[in-house]
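Below: one structure, written as structure tokens.
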Amino acid sequence: MKTAAITMFAAGLLAATALSGSAFAQSGPIKIGVVTPLSGTYTPIGQQVRWGLELAAKEINAAGGIAGRQVNLLFEDEEANPSVAVQKAEKLFQVEKVDFLTGTVNSGSTLAVAQLAERNAKLAATTVSFADSITTDKCSPNMFRVNARAEQQSVALAAWLAKEKPKAKVYYLGPDYEMGRSTVAAFKSSAEKGGAQSGGEVFAPLDSKDYTQYFGQIRATRPQVLYTSVAGNDTVRLLTQLQDFGLLSGLTVVGASGTVTSQNITAIGAAAEGFATGVGYSPQIDSPANKTFVAAFRAANKTDPDLYGADSYGLLFAYKAAVEKAGSTETDKVREALRGLSWQTPQGTKTIRAGDHQAMQPMYVVRVTKGKFDIIDNVSSENAIGPDACTRF
Amino acid sequence: MHDRLTQSMRASHLLALLFVLAALGLAAMGAATGDTFYLRLGTEALIFAGLALSVDLLLGYSGALSLGQALYFGIGAYVSALTLMKLPSFWLAMAAAFLATLIASIIGGLIANRVRGVYFALITFGLAQVMAKVVYNTRELGASDGMIGIPVIEIGFGPFSVSAGSPVGFFLIVLAVIMGLYALTAYLLDTPFGRVLTALKANEKRVPFLGYSVWRARMAAYVLAGVIAGLSGALYPMLRGFVSPELMFFATSGNAVISVVLGGVGTLIGAIYGSVLLVILKSIIGSWTEHHLIVIGLLFMLCVMFLPRGLVGVVRPAIETWLSRRRPAPVAAADPADLPAIIAETARTSR
Amino acid sequence: MTPVDYLQFVLAPQVVNGLALGVAVVLVALGLTIIFGMLDVINMSHGEFYAIGAYAALALGAAGIGFWFLLVLVPILMIPLGMAVERLLIRPVFDTRDRHVTTLLVTFGLGLIVEDVLKIVFGANTQRPPTPIPGATEILGIILPNYRIFLILVGAAIVLGVAFVVYKTRLGAMVRAAAFDRNMAASLGVPVSLVYAGTFAFGVSLAGLAGVLLAPIYSVFPTMGRDFILLAFTVVIVGGMGSIWGAVVAGLLLTQVQALASLVISPVWTDPIVFGTMVAFLVFRPQGLFGRLGHA
Amino acid sequence: MKPVLDIRDLGISFGGLKAVDQVSFQAQRHRITTVIGPNGAGKSTLFNLISGALKPHRGQVLIDGVDMTGAAPERTKAAGLSRSFQITSLFPELTVAENLRLAAQVLEPTGRAFLPVGRSTQALARTGQMLERFQLAHKRDDLAGNLSHGDQRRLEIAVCLASEPKILLLDEPTQGMSHGDTAQTARLVRSLTDDVTILLIEHDIGLVMDLSDHVVVMHQGRKLAEGPPDLVRADPAVQAAYFGHA
């Protein structure tokens, strides 16, 4: 009766772990759950999230922790799949009794986890997802976003473009899914307010192997600017193929903040030169706080932080400030403390807008020069944030 | 006097009974300790067990490997979610999911059943991929983000009602539904109709010369499997409150195939054990290393190569021998007809 | 847009670029169709062997070995790997009743493992070897990178070479005989077991070669194996299991359909179109364009 | 008397080859009609045409006076025609009893298709009869794939007979059997004519002469001659084409 034994074992195991999870409220270490992709296509982003949080936790703990309590990070792999993310998040909420949750990358996971946080009366934050919906029409009282959303990025980039290339003819190339389309639409409307003309647009399937089939249309419209919101491996292919075809000369390539990042910039190589984007972070930000952060990050992980790493790093300090202000880790008190909170991050002062839980922050336009993101322009946080469209709270 | 296939099925029923007892034990323990997570994880494992059950019906009995069974699971989940957002009724959602997957699997079956063997596997794979892409790109269905905000429903049975938000209550409901689907499938497989399916796997070429239409039998199996997957999927949004296109992706179909192979192809109950085992494995290994694929891949390969009937295949023959020694057996420990009664009984007492 | 512009900038490049992609697909499908057609084995881990080839090229290239030498070295290194996989994983389940399903499942498990191992060894980030032949050539206003021209030529040479070995040599005849009837071949003195292992290794080696050739264009990352696999299986089915010419025709045809279709409809629908073609072939002409190699 | 099986001008060609061409004959009730001819004469193709495995290009197949030309196997089966195969085709992973029960379950009323097999009383009774009659009762729970060759051939005939057909097409039932087994099988086949009409393909000429009521000789797809065994044997054309080679 081996199976019987296995069943009994499994049931016993489940029960035993269920029993051991009981709470240590308000004493002992503060537990923060991190549900992030550690396998699959999004692994590189998950790594940056992990490294940023680990560095912040190390620094906070070395300085005496949050309100005297040490921070303990608990990681779970969400496989970039909302079903897995929710299951793992529930484990962290229910079994590990974490006080706070973060890490989700794709917006589907973030939205699903936000709902779960509500139903568990816990708080969560994203440091990566930039879909506008998370803090607009699908906003949640229990979800915060400390990274810049799509609109902040496109406002900054469009403002720069209007100065740099007035009335430019822009061709748009996005990945063919909801996020890709909405990012293109957001930038297009910002850019056209600044006087840009559209040369046409095309949406390529996600994970396209070959972008050359769109090159003919691009060449035929002779645009001055190419805007793209592809990401990860897709960017590597798009930009290197553009370079192979000699199409990069005379063309300004701009894109979303996730298009060229520290994960794919080495693979893109020279083809990334001149690429510009609107973003909330660059390792080149010339401030003492950032220099210290970059040095520490590099020492720990042998690579530069990117926006995901920096935003994740910054999040823990927001949480620390809020808990210390609230004098508690209770959901309602921390939520109140987070609303309107201003705190210091490597990229400057961030403020969480109370009305939609979206962080306001100065935005930068960065351009790749010799493999580094040089800052070429910036927009103040007030000018970039856009109206509060959240009506739920 | 029972024939050998009936005997095997009865051995599976004994394992099913054992499973139900263990599940009830878990429910009781969970209720006593006020646990939420493990009960809900168990509920999810059961829901995916329903999908695995449908894969085993196809692979283990009619001999057709479906690499896209998540298609019907996903359709069931989406239809149930849409229904629940309009009208939060359990029965209505299940009925809508039933109808939708019935129609979808008839259409899918008309395409997929034109071919067999590996071609069938590739076609089912492709069908699911294409449909998942369509959902992924349809704004009305939430596109790549999926849909959140599916309400926590009250499930009414006459004067009684259970909240889907109650970990124990919903666990028992899902247990009843999934074991009900198991009992139904097991029952059908032990009828002349079901035996024709078994014959398909054993020697498809001979079947028409016995007077049975191969196409009709394959269609019946395919539609039945589609509906089982769809009804299981319909439970998912009730548990998690959201649906996303990932539910239709290959990862979901692939996990169901892995569950079936681990538990035991062609044992029916193996699909359910395998699914629970996979969830436990993933949960344990996943917290310990992000390289869970290696461990699961290795276990899976070893099972395919050395345990063609999976874990259940290791124990079931012993049970069969034991059952056949107990003669005569008028009402054995677990007659399929008794299972729903047992579940209903225990559900009543634990409320 | 004037008609001349359309022809020069849109239509003609589309056809030429589709050709380069077609060659890439044919290269990946070639090994698959040989294993499929001759051994009757479904190798779901074919994509992962392609990835191994690409990573091997990347690592050895970084160690200072030249691209031209890699073109020979990597395929040779893949042969013992293929032999070992055949011996350890395929052989034990070769005689199970449902060989297709069993080998599909075993190699599916292998694929999962390889993908994760690649991530552990090489990291999760995308990498890319330098383009061996830089620059682009303009012919009649159509720009084509030199490396793609090279790829088309080398691809043609590889296909011809493989076809010559399979159809014209004594070795190829032995392989085809073993595929047609194992017992008959054995009685004619063909070392069947060795031929099977060799054929599998040959298919794996071709996947590795495709990896070396395509890495500079499509870049290298752990999940790259999934990239081509559905398209490659489609090509194998449409072309006819095991038919080399079938794979060539189907590969070029399907990529042209994809390329030209994307001019008139949203590119996202090109996948369903390709898949629809596969379904249509399975339903109306299951033996594929050219029928099955070694079989009637 | 009306023939049970009436073959009229049946023909099919593969490519340019006329595998079966203008074949007509009748099989009379409770008689054994044997089709003989050298390898490649088109005998098995003829069986495939009659049983519905292949669709004829021309001609007609009438079963009990009903036109069943080109009907699918399950329909010719329903019309009362059962066939065996030259290469044994059983369900090797199922037991001997289940092989028989599967064949016999067509005898059940449709309503019982969804009741447990234990309730299929008619099918189970028929299975029991077949096990007795073919002396397989002691092996009822063995897997068909584990039986000896001779037992498998016998089981194949039993499976064909289990559904109580009107016509039995037996494709070389003694193929590969030992001498003793062959004689036993011959007696068995003879005894079946009380229930069914038999159409037989057989190579063993001694057996053919012994067993047959009527012989049809095929040669290169065509019918060369037909008649009672003695007459056919004496036919000079048959002598030249067939026995001359044998």
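Chains: A, B, C and D, in written order; residue numbering restarts at 1 for each.
Note that contacts are C-beta pairs under 8 Å (C-beta built on N, C-alpha and C of every residue); 3 or more make two chains touch, one makes a residue touch a chain.
No experiment lies behind these values; they were computed from the predicted model shown.
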Number of steps on the shortest touching-chain route linking subunit C and subunit D: 2
Furthest chain, CA centroid comparison against subunit B: D
B-C against A-B, pair bridged by the larger set of C-beta contacts: A-B
Separation of subunit A from subunit C, taking each centre as the mean of its C-alpha atoms, in whole Å: 36
Distance from subunit D to subunit B - Cα centre to Cα centre, in angstrom: 43
Shared-contact residues (touching 2 or more other chains) in subunit B: 133, 137, 291, 293
Where subunit A touches two or more other chains at once, by residue number: 39, 176, 205
Per-residue overlap in subunit D, given as positions that touch at least 2 other chains: none
Every chain pair in contact, whichever chains are involved: A-B, A-C, B-C, B-D
Subunit C residues within the subunit B interface of the complex: 42, 89, 92-93, 96, 98, 100-102, 104-106, 108-113, 115-117, 119-120, 230, 233, 237, 268, 271-272, 275, 278-279, 282-283, 286
Sites on subunit B touched by subunit A in the complex: 15, 18-19, 22, 25-26, 29-30, 33, 35-38, 40-42, 44, 133, 136-137, 139, 143-146, 148-149, 152, 165, 236, 240-242, 244-247, 249, 251-252, 273, 276-277, 280, 283, 286-287, 290-293, 311-312, 314-315, 318
Subunit B-touching residues of subunit D, taken from the complex the two chains share: 51-53, 72-74, 77-78, 82-83, 85, 89-95, 97-98, 101-103, 105-106, 108, 112-118, 120, 123, 141, 159, 163
Complex contacts: residues of subunit A adjacent to subunit C: 39-41, 43-44, 47, 176, 202-205, 207-210, 212-217, 219-221, 232-233, 236-237, 240-241, 244-247, 263-264, 266-269
Complex interface listing, subunit B residues touching subunit C: 59, 63, 65, 111, 114-115, 117-119, 121-123, 125-126, 129-130, 133-134, 137, 254, 257, 261, 291, 293-294, 296-298, 300-301, 304-305, 308
